[in-house]
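Consider the two complexes below, in which subunit A is the common component and subunit B and subunit C are the respective partners.
Up next, the complex of A and B:
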């Protein structure tokens, strides 16, 4: 199991546990505000945008070209932006904190 | 369904067409399309009502569709107001109603043995589903069905406003009715709504309603009909989803990408600018060709194949950016329930005969769906 914390735009901290699936699914299943995942995780809608603090970026890895191209045109994009539908949950993510971007 | 834009997209990246002496530069590449959609300051929606639609509707309506023909920052206030209403398809109760409707039309088609999908299946399904979206009486659907297809705009003559008036007159009537006898439907809800502390005017209410009626009619009919035609031609795909329903989500997104129910949408340039290194004059029109972008081989592997488990699918079938499709949640839910019902109930489907609906964009011919298509169905 990995413990993952979402920090919403209203600075609410929600810590969830999971062992598989994508971060987006975990967030939508638990009603995390600001994560919608409208396209279900195929990298089309950009409604699952998060910022990953530098100390955690090694865990989530780097965005693919397709993901970067989409992020580039998203609101509140930063160097540490990720679409969380593209982050698969593994044991290695334990302790991860992400900030919801929108 | 072939991709008629390939050559132009690869060689020039755009395609010039005329439309009622108000030419349009169609943008064809995926990256350029998304950039144009993102850049609402240079490529505006808040132009003269009807002008960002191609073929232009300026000669047949004055009413501004909302939030569709409004630019930020005003756009956001309208969008924020209507967004929660259009997210209701995520609710269980809403889905149960849609399931009843979709199961009903499918059962009826199976019982009859064959069906003309456009008029007797998709139009009926779309109209009945719209009663759920609007939270109006189920019986209202009969009236919308009676209008037939190709309402709100004459296919043959963009200057013929007799068809556009069908909807305009209907909206006038329903707004008056809702004022006298408020209900829980979308008309009444909008009439009681405020944006930035001000009650919506009658024209604003009608603007939202016109968008909801017009934007979700041909598009949903095309998406449903093309999906039926696809599964009739590909029984192995029904079998695949029956065995692996976990691919349902990627399948829906892929069908939307592949069929792109709306070919393109226009914008008006607010300044002298350029697309694909070609000049675009201030106050001239461009369009973002979703159908072309969705087959861009620089983005999609095997773009001309339906890959039901396509994992990376950055399609623009519901548009992109500020003005992305307001009805997308409703549309996705309809497709999900339709696929679930097909898997549950259909043994086989066979296309008996059909007539393609082919658009002509300045010599580029695109099949967007069917004028009619008879399909034989058998139960599982």
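Up next, the complex of A and C:
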């Protein structure tokens, strides 16, 4: 089980536990505001945008090329932006904190 | 807080799929304090449909992975979800809906998100043909999967070469089926894309072992002991263990029509998603709406349209100003190819292809009406999709010579025309 915290734009901290699936699914199944996942997680829509604080970036790794391209459609893009449908949950993510971008 | 008093009001939503569910949650987050009742005749917890013809059909994912919202979220947001509940009629004079058991539910605002259903063409013996399916619901996928698992020869004939048909063909091929697609027009995807893309997808499927036949108008089924002969108008015959029909959809407009709402290729709505009745709104596949960007009325079968109209309806019902003026976008995944589409290509008089790496299935098709970019289809090329989206939204002019010249670095500064 990995404990993952989403920080919403209203600065609400919501900690959830999961062992598999994508961060996007975890967020949408728990009603995290600002994470929509309109394309269902196939990296086609850029509606699951999060910022990963530097201290956690090693856990999630870098965005792929497609992901970086697609991120350009979203507002608030930063170097630490990820589309969280592309982040798979594993034990290694335990303690991860991500900030909802929009 | 909503800008109108909603505490003692009731909003009833007919249809709990993409549009209806998105709407119900959006209405709550826009500040609606009254009741929200969401009805559907389906008994399944509402799910997300796009993976049905893709990862769910191949078995890579289950429909349980694609529930739109878990039950706990409906409870948390105080959305009353009534499944297995069929609406018989709308009484707009008394502002109530009548259910199949003749009970009624009154409403202050009614939202129709009734969607669409597969067209079942009038083909001789269609009602007597066993193992004949459509692909629209989770039930349909279960039936197809089970029929395929129980079939020795696994010969599948798909009637209709649209996106759902082609996605289904790709998925069934992965499952080891022998797949034939019969398309009535002279090319696949004839209703939805330009000849260049049709040609690409025909080759892609052919390379992957799918038999594609165009100009095939099926006019009869002959049911044999173990299989079905699919007979075309030109006399050709295809043997099938399983037949899948994917020839488009009918709008579920009957409730609206019987209630006297204005209908025109779907339920007619204005830019605020309101129908011809002030208390009734309609969203998603079932609507015919005005698109300001393309200056015409359109009907779209897409997730984007369902979600965006749902959000507009929620804002408007909460008393806010909102207009639907979204740029349509779509996607499709077939074999290992990712197609992303933005805009509507109809009306184009020039089609340009940027061939970044065509041999490796990476290119994009750009549709223009004179100097106006109308649409982009991007194959394994998210960069093109993103640029296309920005350029169409921005109304930008394109340097067409640079666009098709792959020695020019593919970035906005190079592709945009200089004033």
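As a working rule, the second predicted complex is superposed on the first by the 102 of 102 C-alpha atoms of A that agree within 3 Å, B and C clash if a C-alpha of one lies under 4 Å from a C-alpha of the other, contacts with A are read in each partner's own complex, and residues count from 1 in each chain.
Definition applied: a contact is a pair of C-beta atoms (placed from the backbone, for glycine too) under 8 Å apart; a residue touches a chain by one contact, two chains touch by 3 or more.
Note that the structure is a prediction, hence the values are computed from the model and not measured.
K.L.:
When the two structures are laid over each other on chain A, which of subunit B and subunit C touches more residues of subunit A?
P.N.:
The partner making contact with more of subunit A's residues is C.
K.L.:
If we overlay the two complexes on their shared chain A, which of subunit B and subunit C does A:40 touch? Say first, second, both or neither.
P.N.:
So A:40 meets both subunit B and subunit C here.
K.L.:
Is A:21 touching the first partner subunit B, the second partner subunit C, both, or neither of them?
P.N.:
A:21 contacts subunit C only, not subunit B.
K.L.:
Based on the A-chain superposition described above, do subunit B and subunit C contact any of the same residues on subunit A, and if so which?
P.N.:
Subunit A residues touching both partners: 38-40, 42-45, 66, 69-70, 73.
K.L.:
Inside the complex, what are the residues of subunit C that reach subunit A?
P.N.:
Answer in residue numbers: 25, 29, 48, 50-51, 65-67, 69-70, 73, 76-77, 303-304, 307, 329, 331, 333, 338, 340, 382-383, 385-386, 389-390.
K.L.:
Hey, which residues of subunit A end up touching subunit B in the complex?
P.N.:
Against subunit B, subunit A makes touches at 38-45, 64, 66, 69-70, 73.
K.L.:
In their complex, what parts of subunit A are in touch with subunit C?
P.N.:
Listed in rising order, the residues are 21, 25, 28-31, 33, 36, 38-40, 42-45, 66, 69-70, 72-73.
K.L.:
If we count contacts the way the header does, which residues on subunit B are in touch with subunit A in the complex?
P.N.:
31, 34-35, 38, 249-250, 252-253, 299, 310-316, 318, 320-321, 324, 328-329, 332
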